[in-house]
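Just dropping this structure here.
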Amino acid sequence: MRQEIPLLITAIVGIGFVIQYFIPHWPFSRMSDWFSDWFSIVGACAIILGALNLMKVSIEKTYKRKEDWGYAAVIIASFLLMTIIGIAEGRGFRNPGTSFDWLYNFVYIPLSATMFAILAFFVASASYRAFRARNFEATLLLIAAFFVMIGRVPVGHTLSSFMPIGWQLSDLASWVMTVPQAAGQRAIMIGIGLGIVSTSLRIILGLERAHIGGGK
Amino acid sequence: MSTRAKELIALGAITLFALVFYFGKIWGWGTFEFPTWLSMVVIVLIGLSLLWVLILTLKGQLIERRVVFIYVAFAVALPLFMSFSQKITISPEVYQLHNALTELPAGSKVLISFDYDPPSAPELQPMAESIIRVCFEKDLKVIVMGLWPQGPQQANLALEKVFEDSAILAKNLQYGRDYVNLGFQTGNEFVIQRMGSSFESMFPSDYEGTPYREIPLVRNVRNFSNVDFSVNLSAGFPGTVEWVQIAVDRYGLLMGAGNTAVQAPVMYAYLNAGQLEGLLGGMSGAAEFEAVAGYRAKGTKFMLSQSFAHVVVIAFIIIGNVAFFRSGRKSKLKGK
Amino acid sequence: MSLPLAATHPRLSVHLFFPIIVIVLTTCSSAFGQSDTQLDTTVVDDTVSIAAAPVTTLLVEDGKYDDGDSLRLFWVPSIDDQLIDSKVTGYRVYRLVNDGAAEPIVDLLPGVGNYTDKNVELDSSYVYYVATLTESGEYPSIHTESISPQREWINFRRGYLFIIMMIISAAIIFYVETAKRGKKLFVRKIAGLEAIDEAVGRATEMGRPVLFIPGISDMDDVQTLAALTILGRVSRTIADYDSKIFMPVSRSLVMTAARETIKTSYQAAGRPDAYNDDMVNYVTDEQFGYVAAVDGLMVREKPATVFLLGAFFAESLILAETGNSIGAIQIAGTARPAQLPFFIAACDFTLIGEELFAASAYLSGEPRMLGSLKGQDVGKAIAMITILLGVVAVTLSEAWGVGIMTDLHAWLVKVFSSS
Amino acid sequence: MEHFALWLSAFLTLGILSFLYKDNPWYKLSEAIFVGISAGFWVVTLFWDNLVGKFWDGWQDEPMLFVGAALGFLMLLRLVPKIGWISRWPLAFIVGATSGLWLMNYLASNIMVQVMATIQPLFSTGYASGFDAGWGAIISSLVIVVGTFTGLVYFFFSKEHKGAFGGAARVGIFFIMITFGASFGYTVMSRMSLLIGRMDFLLGDWLGMIG
């Protein structure tokens, strides 16, 4: 029973959501709206599980004085700080001038933006180390990357200003983007679409079941 | 000297540097700008050092990751002190968006969705600022919203920036009548879907808590059919893909998009299929839009750093490959 | 791209042709004696007054294939609605609900000839009229008939989409059934998947753990579901080899689902006691907070094998480069095309787009699962044939005006735009 | 306070950047703060926006929200080990709904629309389509058709890449590689922009060295 019920739920709900696409009549017309609401409510409940898990792991680490336990304590402290302030601020927690907003602007944003910016460094090191013209395919990748990179900045314009209009680097970059790039992109998108149709169907038919605890 | 000591010295140097300039700022040192000769010297030095890296690599010495990192840091930081003018070529998709906006009759309503957060702001914020500015100059009404929690905040920052311009300020635009910030709503793509039947159901009140019905600008805006054009500024999910799939494909909304450079290639498929009315890709898209609109703002300024960084990355790809071919393609291959 | 032309073309045609239509229609209607008194206010000579003609032939109909929540209005714009020097500043739609008082519901721009009222209720009746707005006042049209919205059960506009869906689904189910009956099906080798056993084996030999990242999307992304189905197979191998796995995740629901998945695999391998919940941990929903933590974990735990499967965004390269710098074998896959080049650069094996979704079926080695891949190929074949046929048809029809090809193209357009 | 805020931001920014050198206490501290603060941020956001904003404020108008609350409640039963298995039901529900919903959305938007978009005339003599019949345009449209077609051939699972079919698949992978190259080029641009943004903060907002 523990396995059959989840499988049944998946199948019925899945088929229902396929059918709703073709039935404008209530209640089918509302199903996707409802699901979005339900999903956000379930998500909000589930984050309690996540937060408890994070706390459990960190407290354990701190309590047992495992390696780096000090940092685990910092996690606990900053988590509690943010949560307590945010809940205490009430509904307007996001308004400019609240403590929550201060933490957001001066702690959260710099951290998040910097982590994102680190990518610039990794892009360069990957370029140096990994982008090798080891075969024809890889060479094509490099050439396309080269045209797009150089053609999309003013330097490219300066370098190729002697060429007739339509053949300058920026035009080549545009051509690569709109023609061969778009073609490859389309093939990938159609493939992905079919992959999703097939995976969804396998899930609805109950062929894939590991994620709801129903292995063979 | 031990590594430890070197690390401490470096740390001390950084702190000292920061303190000196921070107090310099307080004492009113003002900003620095390299004279042209110094800019030239810097460029030549970077070029020479890259040559040196090439020689090292040819000798079979792959330089360390961290050296590459230092190059990137300098290639981005130094040009911020330089002031060259550079010509910007404008792509058709940028013209397309600009035309779409400027051809709207005065009083048309433009919906701008801010679907990004601060980390993507360097690319998308300049776009947001110039798009809003174009709208205001053409007397278009601007409705702002966000599918990302931080979106509406970014919108407010952009609006503040636009109002710093005296020409815009002189228009005496009023909140609620000429522009409105509807705020953020959870639900990702489903928000778009439900806006197809009713904006009000998704945004019962605006960012400041005023009930939807009491805002003159949107009182009669029921759904997408009351909006004349829309622009989506997106850094990922939910973003342009969802807007196209739902608002454009199902409800026939006219939409242009500004995307981070990463997202943009995917969007070209939609652009070609006619699902998008113009596209700005990354910082260069922002700079190009500024050029079309005749502004000189941050997008344009940052492009110099951008050019430098591109050249350095390309140089590293070339150096890596030269070494690869010299060594008879035998160096350690990573799988496909 | 013929940008400016495409943008202005429709409006141009509206303004060129509508006056003609309007003239014809108003002439007709007056000829049949249906002209109503309001037409008297129309002053065609615009030098005299700023008055404008009302809209004509206002029709209302039930919104097709909806939940009884829309009514559609059509009208011919005022004859005074011109592109240049127009007196008309717009249109205002009025509505009378259940024979109540008229109230304005929307203002529209000049040149607009239709409106869909989506704020209607099933049991009410509605009467509309449209007023032409000018600087000096409003000039209302005649009222429509009273109408109540109807709800429909089936959206016939999506009929072809339904047929296509049924064909693809039927193909998948057909091959699954064929395979069940023991027919051998060929599926080509997918390099990244062949390597999974080896990669897990390597971790075992080195005595180091396996790191599995299911992307950063939540359970409402099919890529995450695909990643979890692969996790099912991978963790089975891990259980068999007695390796260690750790899996930091960025969504609480994914944490729950991943625990169920791994637990099931360990049970299936006959080692339920070796499973514990600490294999999967929630970190934070924030994209880069998660990445910062995972990066730290990678450097400190030094996994021998890293799986990056699912929906990845900007973090793909940070994770892949850090994994690369600690010398781990990396198998990556995502359906986000923008991230694939980084995986290709920094990882040992990469599953491209559709291959990610095929992975779990392929790994299972079960004939019926492989059957579903065959079914997918039928979909691809349909897409390819349609593209070839369509391009030939539209080219022949556009260039040489071959009639049958025009029909074929029109039919294809009808079928494939039925979404 | 303003000075403190700037220095705190700069301290955290440099802390994350120090990871580029190597894993170190400064990074570990920044990382820990980041994890804690951001987890807290999401708990608070989801609490106010979803639980309060969506469910608590909305259930009178929309009783169906209780289904969501019920699913959420079942999810929380995981905390009770004995009946934790019930949480599979809401999971099964979510998995089913996601599958059904995206099956149709991807079929309609990815497959149908992209196939439709590829069906363009290679060349045309008519003026009506607005199509320029120059050689460049013809080659471009041919390239799009060939690229899309062979790209799909590459993804075929049920035939070995041999002979003419293998040749087509190889052409397909060429196009896919060009796509990746273009994506890469574009991404480089985007990543550099982010770093420029951070440098602008460090050198401009913090140290006031640039305008």
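Assorted remarks:
We call the chains A, B, C and D, going by the order they appear; numbering starts again at 1 in every chain.
Operating definition for what follows: a contact is a pair of C-beta atoms (placed from the backbone, for glycine too) under 8 Å apart; a residue touches a chain by one contact, two chains touch by 3 or more.
Just so it is clear, the structure is predicted and the values come from calculations on it, not from any experiment.
When every chain is reduced to the mean of its C-alpha atoms, the one closest to the centre of the whole protein set is D. Interface comparison, B-C versus A-C: the higher count of C-beta contacts falls to A-C.
Distance between chain B and chain C, defined via averaged C-alpha coordinates, is recorded as 25 Å. A straight line joining the Cα centres of chain A and chain C is 17 Å long. In whole angstrom, the spacing between the mean C-alpha positions of chain A and chain B is 19. With each centre defined as the average position of its C-alpha atoms, the distance from chain A to chain D rounds to 4 Å.
Counting partner chains per residue, chain B shows two or more touched chains at residues 65, 69, 72, 76, 92, 119-121, 149, 186, 249, 262, 265-266, 269, 272, 281-282, 284, 306, 309-310, 313, 334, 336. Shared interface positions of chain C, defined as residues touching 2 or more other chains, are 69, 161, 165, 168, 220, 222, 225, 253, 256-257, 260, 283-286, 288-289, 292, 300, 314, 337-338, 341-342, 344-346, 352-355, 358, 373, 376, 379-380, 383, 419. Chain contacts: chain A has residues 18, 21, 30, 32, 35, 37, 39-40, 42-43, 46-51, 54, 68, 108-109, 111-113, 115-121, 123, 125, 127, 130-131, 137-138, 141-142, 145-146, 149, 152-153, 177-178, 181-182, 185-186, 188-192, 194, 196-197, 199-201, 203, 211-213 touching two or more partner chains. Contact topology of the protein chains: fully connected, every pair of chains touching. Partner chain B is touched in their complex by these residues of chain D: 7, 10, 14, 20-21, 45, 49-50, 53-54, 105, 108-109, 113-114, 116-117, 179, 182-183, 186-200, 203-204, 206-211.
Put simply, chain A touches chain C in their complex at residues 18, 21-26, 29-30, 39, 42-43, 46-51, 53-54, 57, 68, 108, 111-112, 115-116, 118-119, 122-123, 125-126, 130-131, 141, 145, 185, 188-192, 194-203, 205, 207-208, 210-216. By the touch rule above, chain A contacts chain B in their complex via residues 32-33, 35-37, 40, 94, 109, 112-113, 115-117, 120-121, 123-125, 127-134, 137-138, 142, 145-146, 149-150, 152-155, 157-158, 168, 170, 174, 177-178, 181-182, 185-186, 189. The touching residues of chain D, counted against chain A in their complex, run 5-6, 8-10, 12-13, 16-17, 19-20, 28-55, 58, 62, 64-65, 67-69, 71-73, 75-76, 78-79, 85, 88-104, 106-111, 114-115, 117-118, 136, 140, 143-152, 154-155, 172-189, 191-192, 194-195, 197-198, 201.
Residues 2, 5-6, 161, 164-165, 168, 185-188, 190, 219-222, 225, 253, 256-257, 260, 283-286, 288-289, 292-293, 295-296, 299-300, 314, 337-338, 340-342, 344-345, 352-355, 358, 373-374, 376-377, 379-380, 383-384, 386-388, 390-391, 393-395, 397-401, 409, 412-413, 416-419 of chain C are the ones that touch chain D when the two sit in their complex.
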